[in-house]
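Structures follow.
Two complexes, one shared chain (chain A), two partners (chain B, chain C).
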Partner chain A sequence: MKDLRRYWELFLFFVKVGLMKQMAYRPHFFLMITGKVIRIALLFFFFQAIFLKVSRIGEWTWEQVLLLFATFHVVDYMMSITFGRNLSSHLPSRVQSGEMDYRMILPANLLFFASLEDVDMMDFFSFLPTLGFLGWVLWRLDMAIAPLQVILYILLIANSLVFLYAVILAIATTSFWTTQSYGLAVIFDNLMKIGRYPLDIFEGFWKVIFIYFVPLVLIAQVPAQALLGALSPGFLFFAFGVSGTALALALMFWRRGVKNYMSASS
Partner chain B sequence: MGSAAKCLAVLKLVLIERLVYRLNFFLQVLSGVLTSLIIIFLWMAVYRGNSVSSLGGYTMPEMITYLLGGGLINTFILTTAENNETSQTIADGTLSGLLVQPFSPYWVWFFRDMGTKLFLFLLGLAGYGVVFLFFRDFLIFPGSPDRWLLFAIAVALGVLLQFLLFESLSLLAFWVENTYGIRFTMRVILEVTGGAIIPLSFFPSILQAFFFALPFPYLIYLPMTIYLGKTPADEVAGALVRMGFWIAGLAVINAVLWRRGVRRYVAMGD
Partner chain C sequence: MNTIRAEKLSKTYWFCEKEAGIGGSLKALVSGRKVYVDAVREIDLDIGLGEIVGFIGPNGSGKTTTLKMLSGILHPTAGSLEVMGHTPSRREKDFLKNITLVTGQRNRLFWDLPAREYFDFCRVTYEIPSATYRRNVDYLVGMAGIGEILDVPQRKLSAGERKRCELVAAFLHNPSVIFLDEPTNALDFINARRIRDFIRETGRENRHTVILTSHNMADIGQVCERIVVINRGRIAFDGKAVELYNAKGRKKQIRVVFDGPVSTEALGGLGTMRMMNGQEVRLEVDADRAAAVASHLFSNYPVKDIGIVDLPLEEIIESIYME
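The block that comes next holds the complex of A and B.
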């Protein structure tokens, strides 16, 4: 309990430092937030442009696609505010430059530092309009939603963050052996954007790949389906099972990576 | 060393530099290819799921050709759409070293940008080549050499326009400490309004009017509609002239920013 409190205080400290760093260039800070909000708005118009011509994408209606889209961006922002860039970008560069040395001797968990040291407050402020957008989409859904569906939706969003954390941690850990992990992270970043679309757009082989092999369906589609009451109990267990297993494997891989770390500093 | 030799030397150097990190660049290009594939699958689902042969004036083969061609152009337009080097060189003071060299830093940045674009174009060709083969039954090719030529001119002008657009923002580094925010915002707008993920004719007319008041549709939408014959032959010349006006206007802005910027440039050093 005492440890938990210490880490919470440390996290709040990271938040404060993150805000101070990013507010140093205020016009830049506000322009970045504007740019991120514009990006979501333009993607919304992209979907709207499609639905001006058709009534469905696969089995998904306009409102359902909006729910999927909003859910994806809520997850995406929660990831980028916290561990996203810390793992995919900062960790590899710190391993390569030898900057991990002093973090290793601090009296705190190394993975905690590697995952949360730079809290992206710019993305936090861009996240707030996205939350508002999600609220608007839920209001538009015009259907009765049982409390259990809401609880499952929240749990599955947390589950999708666990899944993403595991995958990105595994990719970042390869930086202990190679200098090319950033390229892999960029590939995964693009790959995960598939989660923004209904997976019905894929057929046969690709559908199987994105559901079972690289289960991008977990990112937004599964939570959205749970909220819409269209998720089977079997798939629910599959979702939690995959994320749990992925996290356990990623943590094992991380421990091996840390053992393999050789300082590069002078 | 003559000017042409200097330009070639800069081009050669940037290609060598990029080759050092070729895997990372290739993975970046590959992720662009992946994004194009996702968008194509999405459109295929839209066509097939709604049993329509044409949407917004585009048949499915036309749409696939548009997205793949646009994706390839995007590889070297969007990936370099930051002109990071210019603002970083100004901000960290390394411009001082460049200013005393017998070649304007502005042209160094220009040819380095062109070299990077050429490198990414070649990588993009390799990456998209496989996808082109996969979708070969859907691909449409222009019927006449004229159309190929006009398409090539539009792409070349687009490359120039993109450089000038982002360079004008990067040169603001002479006045402001950080230009990344404004460049990021412009890049975000370019992502959609350039027409890489959807032909702009799909948008409501009010949005189309807004988009066409910007220079972005000239980067991907115009070349691809010329390629597909969607821009009527008698309108192509007018569109290319408008593009020329944007280029000329931005070139003037670049020249003014560069001259005034260098005059007020101060570098701290040890």
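The block that comes next holds the complex of A and C.
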């Protein structure tokens, strides 16, 4: 319990430092937030343009696609505020430069530092309009949502974050051997973006790949389907099972990676 | 009681060989050949509580690698290692709360924020009780002379100021074992002296066990009681500083300035000529003959100034490196 409080205090500390770092360069801070909000708005208009031509994408209506889109960005922001860049960018760079040395002598969990040391407060402020957008989409859906569906939606968003955490951690851990994993991280980042589209746009082979082998379907589609009451119990277990297994494997891989850390010459 | 005990400690690194140019990079990607380097080879080390040990060696001799194994950053390839009863590579909380590491090459402080923020971060990370924290901050800040710059962002400070802030941060949790890897690297002599004073005073007052690596012999000579010389991954000397002077067959250096021209051939017979600069000469002689040689010079040559000193530490260590 005492340790939990210490980690919470450290996380709040990272939040404070993240905020102070961003505020140290105010013009940059406001410009970046504006840029991020514009980027989401442009994607919204992109979808709107598609729905001017068609009324459905597979089984998905315009409002349902917006729910998928909003869910994806909620997950994406939660990831980038916390572990996203920490693992995909900062960790490999610290392994390469030997800056992990100081983290390794701190009496706290190394993975905690590797995952959360740089809390991206700029993305936090861009996240708030995205939450507002999600609220607007839910209002537009105009359907009765049972409390169980809401609970499942929240749990599956958490599950989506666990899945992404496991994949990104595994990719970042390869840097202990290769000293650079940026290429792999970029490939996954681009692949992950597919998760904001209904996977009904894919047929046959690719659909099977994105559901069962690189289950991008877990990122936003599964939570959105749960909220819409369109998720089978079997797939629910599949979703939790995949994320749990991926996390266990990633943590084992991480422990091997740390043992292999070679630092850098002084 | 030994704080640090290492037996046949070894570390082998590997890296992929790569030829120059894009072609070389592509070739390394497809069929890179692994090259193994024995950075540390079967070293034995026993260091007691409160000892201040200078760890010296040329670049690439294995001293930083040893320090990183002692602090738990690197896993040894072979051998056994215990620090305060812990195996460092397990990185147990009790072990990490009792050590610290400062390197001259890297900075741990938050670049955009003042040192005070990092101190607070240390308070939380090391679970330092508030009263102890306040007492330690007051004491260490006073000793390092950084009271005026506590609220200045790190990027606005000079290298010496940053290093002093970092030392305070590293000592806040009152560690028992302190690893310092070239802490005065790239600092001017005033800042280097301040840092030496800081290490010596806090080390002695609190009975810290300190291991210090440095290329600066003033760091070693003024701070350390015991010296370990490491070369090509092996320990070449381990003993008191005074024993190091004796290790090379107790020599003294006579520095003499003449008041007129002197035949160097005649002087060569008295000892080994180390330097001749105009009318200033440095002769290396056996210690037990030093007084007699000095007296001979006084009696037979026009001497303006004369002094007998120990051999410079650099020269003794250089001769060990050359073996």
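Everything that follows uses one rule, which is that the second predicted complex is superposed on the first by the 263 of 266 C-alpha atoms of A that agree within 3 Å, B and C clash if a C-alpha of one lies under 4 Å from a C-alpha of the other, contacts with A are read in each partner's own complex, and residues count from 1 in each chain.
By definition in this document, a contact is a pair of C-beta atoms (placed from the backbone, for glycine too) under 8 Å apart; a residue touches a chain by one contact, two chains touch by 3 or more.
For clarity, every value in this text was computed on a predicted model and none was experimentally measured.
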item: Contacts of A:30 with chain B and chain C, given as first, second, both or neither; value: first
item: Contacts of A:4 with chain B and chain C, given as first, second, both or neither; value: neither
item: Which superposed partner A:184 touches (first chain B, second chain C, both, neither); value: first
item: First, second, both or neither for A:144, with chain B first and chain C second; value: neither
item: Chain B or chain C, by number of chain A residues touched; value: B
item: Touching partner for A:39 - first (chain B), second (chain C), both, neither; value: first
item: First, second, both or neither for A:261, with chain B first and chain C second; value: second
item: Touching partner for A:104 - first (chain B), second (chain C), both, neither; value: second
item: Residues of chain A contacting chain B in one complex and chain C in the other; value: none
item: Touching residues on chain B, where the partner in the complex is chain A; value: 23-28, 30-32, 34-35, 38, 41-42, 44-46, 49-50, 52, 55-56, 176-182, 184-185, 187-189, 191-193, 197-198, 202-204, 207
item: Residues on chain A engaged by chain B in the complex (per definition of touch); value: 25, 27-32, 34-36, 38-39, 42-43, 45-46, 49-50, 52-58, 180, 182-184, 186-187, 189-191, 193-194, 197-198, 200-202, 206
item: Chain A to chain C touching residues, read off their complex; value: 6, 9-10, 13, 17, 20-21, 24, 98-102, 104-108, 110, 259-263, 265-266
item: Parts of chain C lying in touch with chain A, wherever the complex brings them together; value: 13, 60, 64, 68, 71-75, 89, 91, 93, 96-97, 99-101, 103-106, 108, 110, 112-113, 117, 120-121, 124-127, 153, 181-182
